[in-house]
Amino acid sequence: QGERDEKAMIADFKGVQFMSPDTSFYINFRFRMQNRLGANTISGTDLSFNEYDARVRRLRMRVDGFIMNPKLTYSIQLAFTRGDQDVDNTGIANIVRDAIIFYHFTPKFYVGFGQNKLPGNRQRVNSSGQLQFADRSIVNGAMTIDRDFGLKAYYHNKIGEMDYHLKGAITTGEGRSVNSTDDGLAYTGRVELLPLGEFTGGGDYSEGDLEREPKPKISIAAGYSMNKKTNRTGGQLGKELYRPVDMATWMIDAIGKYRGWAYSVEYIKRHVDDPLTYNLSGSLRYAFTGDGINHQFSYIFPKNLELAFRYSRLTPSVKILANESRKNILEMGTTKYFNKHRVKMQLNLNYMAVDGNYAFSHSGNRWGVLTQFELGI
Amino acid sequence: QGERDEKAMIADFKGVQFMSPDTSFYINFRFRMQNRLGANTISGTDLSFNEYDARVRRLRMRVDGFIMNPKLTYSIQLAFTRGDQDVDNTGIANIVRDAIIFYHFTPKFYVGFGQNKLPGNRQRVNSSGQLQFADRSIVNGAMTIDRDFGLKAYYHNKIGEMDYHLKGAITTGEGRSVNSTDDGLAYTGRVELLPLGEFTGGGDYSEGDLEREPKPKISIAAGYSMNKKTNRTGGQLGKELYRPVDMATWMIDAIGKYRGWAYSVEYIKRHVDDPLTYNLSGSLRYAFTGDGINHQFSYIFPKNLELAFRYSRLTPSVKILANESRKNILEMGTTKYFNKHRVKMQLNLNYMAVDGNYAFSHSGNRWGVLTQFELGI
Amino acid sequence: QGERDEKAMIADFKGVQFMSPDTSFYINFRFRMQNRLGANTISGTDLSFNEYDARVRRLRMRVDGFIMNPKLTYSIQLAFTRGDQDVDNTGIANIVRDAIIFYHFTPKFYVGFGQNKLPGNRQRVNSSGQLQFADRSIVNGAMTIDRDFGLKAYYHNKIGEMDYHLKGAITTGEGRSVNSTDDGLAYTGRVELLPLGEFTGGGDYSEGDLEREPKPKISIAAGYSMNKKTNRTGGQLGKELYRPVDMATWMIDAIGKYRGWAYSVEYIKRHVDDPLTYNLSGSLRYAFTGDGINHQFSYIFPKNLELAFRYSRLTPSVKILANESRKNILEMGTTKYFNKHRVKMQLNLNYMAVDGNYAFSHSGNRWGVLTQFELGI
């Protein structure tokens, strides 16, 4: 049921399907649209809006399938909207999100060659169509390791009752938009432990307990990524730095679900020895370093109406504090799931406090509201 | 039969169709290609060509359908050619033309949330695949209100024999290419009266009487759009202005069809209090203001060969006359419809007269010729 | 079997097919992905890599079919990756590769109107999915005539045992990315002689003898293209020149196949009277002129493992020698064909010698390695 960005969706998630008459290939086509209307207030006390976020946020097409036999699978995802193409950071419209070929050596071990999400923090690997808030957290926004091109390997097995997943990747480290890359690659590894067994329908990579797990399920995970000589402010993302840096990212996260209740948490810490880079005329661009934590807690009522709460804290490192402020966000989300995560309506309300000061009158604080309608097959 | 850009085409227009085995969704895929070869003469008397318009003018893919049940429909349209993506005006390649979700409360009332055409002048709302000339008129080109993101509502009913349609929209006012928008929105309303009842096959939004209406049909419509604080020269279209303006657009149009004869007319008037905007270095960019009228008259012969005539007049307001000249265009069009509007071949000849002076020797006057082959499913 | 870029693939190559219930149209959808990892050494003696070519090289979608009846066919091809869209040369992301309508007057004669490949050198007309090396030769890279918009005509017939093909085109000469074009068009013609009859499965436009021709087959071809007033360095390709030039290109090529052995050769020569163009500040941009030859020789072993060798020589004309050096490349390629050209894995090794000097220590010489996995339906 749950869409997953780390493998081809050929078994679980049916869109427009086509099997060639000789069964030599299978293709599954889907699309997803997210239309939204949101706004932030001018401050914590002046509740007028100065700008709206009103647009088609995402329009994606996804094609999964196998060729020759189900061991050789592929996953393709295209993004057609401006805000989903890195145009504003790179000047290049990147239509291709995923384009990867998988080979399944055994049911428990497969490798991928191509571009897709790195095995990073859980919220990032969750498809944008599997989220319970309209956007990912500010922690993910500042420090995720995103998509990258290269070799990936995935293994899972059991130790007694406990399932575990091992994931690794060697990738270019420059993200989606490059034609060529320097010799500094990115190395990423991740371990996931599910002591109470696998979630129903792959629910460890889907927010909210839509499956209403009859027995408690937990996944605890830790990962690390070292991006050597990256030349972008966010590693695989962001504007170009004036000098390449080595970027280390630690990620710890967990998710638990039981009878409609869901709780997830993720902690990310990022380090660069000297994150500040300057060009000849003295302009500054810096890699974002620091740490942050994100908690989400939710309950889904019988009619598939969900109430969710989120607390996020993002703390820039001392080195970049002159340019970035510490942010805390409290958010409440209501989601009506008409057809699981595929057709849903979301209303999010949040309050952002900077410098750890929650007073409405504190400079920089503000309220935000966002409603989003998602429709996909 | 007729393609319509104001609703999902799930009932009338069959392309590649797919109904999910559990009938939980339906999808209809189509495409359309317009290849053209045209040229304008250097002047009214020098008939040599200096530039050709030879290219794939449009290559569109369109996906319509419903999800869960036929009350929840969607419409997506993608544009893949350069000239169809606003690149040259905005620097951004906008692939997404339409991405909108509709909910049909009753058979007579539905609302939309997303991006599609505003309920503006008739020729604009006609799909580019339903035109009898290769291009829309210069009046539409200068003053249409185009596509926009927001909320739309559509209602139709009968009063005795007369059908009427009411359409309204509240949208961002900044058109297709924006990531965020200021607090000046656009408000659009339109009324259509069809005193002799609905056209066959939705023919009020399709040019030429391909249906050969056995009884006379007429639609008379009027609309108004107020675009508050728009920052583009054409409201939803065009280059950025140096200062936002409030733009008012009045549109009146009518169409009648009977036994292969078709006549349509539209009048548009646009007003901005002060259309001229300057940047700090004194450069000028102005909102186009003024008015114009377009008449089209056609007859379709038994073998689906159509002869059409067009007269267009575009009159800039006094405020921008220093930069824009008054234009009149006479045009003759021959169209061979091989498969309704889906496969057709067009040959257009036109003569443009500036300043209302039709003399061949008048400076700025010129002849134009254009042939276009359209093919779609 | 073999994909061909000069006609609609409606008979030979089955992807996702759809025939409308009333058989009024047929559509065949396919895609192709090429993921690669390659690198060049710093020099002939310093074998360390300084840059990697690691990316999704191509992600293409192709749609072919007919409308109304099989005489009216179409071919559409879209490219979604950055390196496949001319972005870096033109600043415009050209998604549309092919968009052309064909009309088949007789089984032996058809014409096309739209954008597709010109009838140029054989390796160029071969689909990028029908190559035995990961890239085309440097000869093709410098002097091919590529895709263009306009009118094309194709005729083939027999004289005794000999098949022959005649191809001609009148096109804009400005290539894929233009909105309008000057009055200098491009005129292209090509003759192909197949004295031993047609190749199995259209194999004259597919590299390697995957069909294992039981009897020898040969095709010998010659073509010429005159691109009047082109304003791009490569005619239909490349950056803009500072002054338009008339560009003449001669192409001679041949291919032979027999029992798993394949040999192909192509010679291209390009001439421009004065290829050097300067702007007002004295910057230079020049049309590439000169000549080059490319030989490829291969054998496919029983398990569909192929070994191929390539020798390419590219010799710039004296006029541009100050800016371009003469290059020779020796290349060895191993390809495992899992499902013909549609699923294959390639490993290429090459050595480039500049100035005709093969010494490892010669400045500019280098080694290259490239592995590519291609997957498509």
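As written, the chains take the letters A, B and C, and residue 1 is the first residue of each chain.
Operating definition for what follows: a residue touches a chain if its C-beta (ideal position, glycine included) is under 8 Å from a C-beta of that chain, and two chains touch if they have at least 3 such contacts.
For clarity, every value in this text was computed on a predicted model and none was experimentally measured.
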Copy-to-copy rotation for subunit A and subunit B - C-alpha atoms, rounded to a multiple of 5°: 120
Shared interface numbering between subunit C and subunit B [over half = same, under half = different]: different
Distance from the mean Cα position of subunit C to that of subunit B, given in whole angstrom: 39
Residues of subunit A touching at least two other chains: 93, 95
Residues of subunit B that touch subunit C when the two form their complex: 14, 16, 31, 33, 35, 37, 48-56, 59, 80-83, 87-88, 93, 95, 338-339, 342-343, 373, 375-377
Subunit C partner contacts - residues on subunit A that touch it in the complex: 18, 20, 24-25, 27, 63, 65, 67-68, 72, 74, 76, 78, 92-96, 99-101, 113-115, 149-150, 172, 177-183
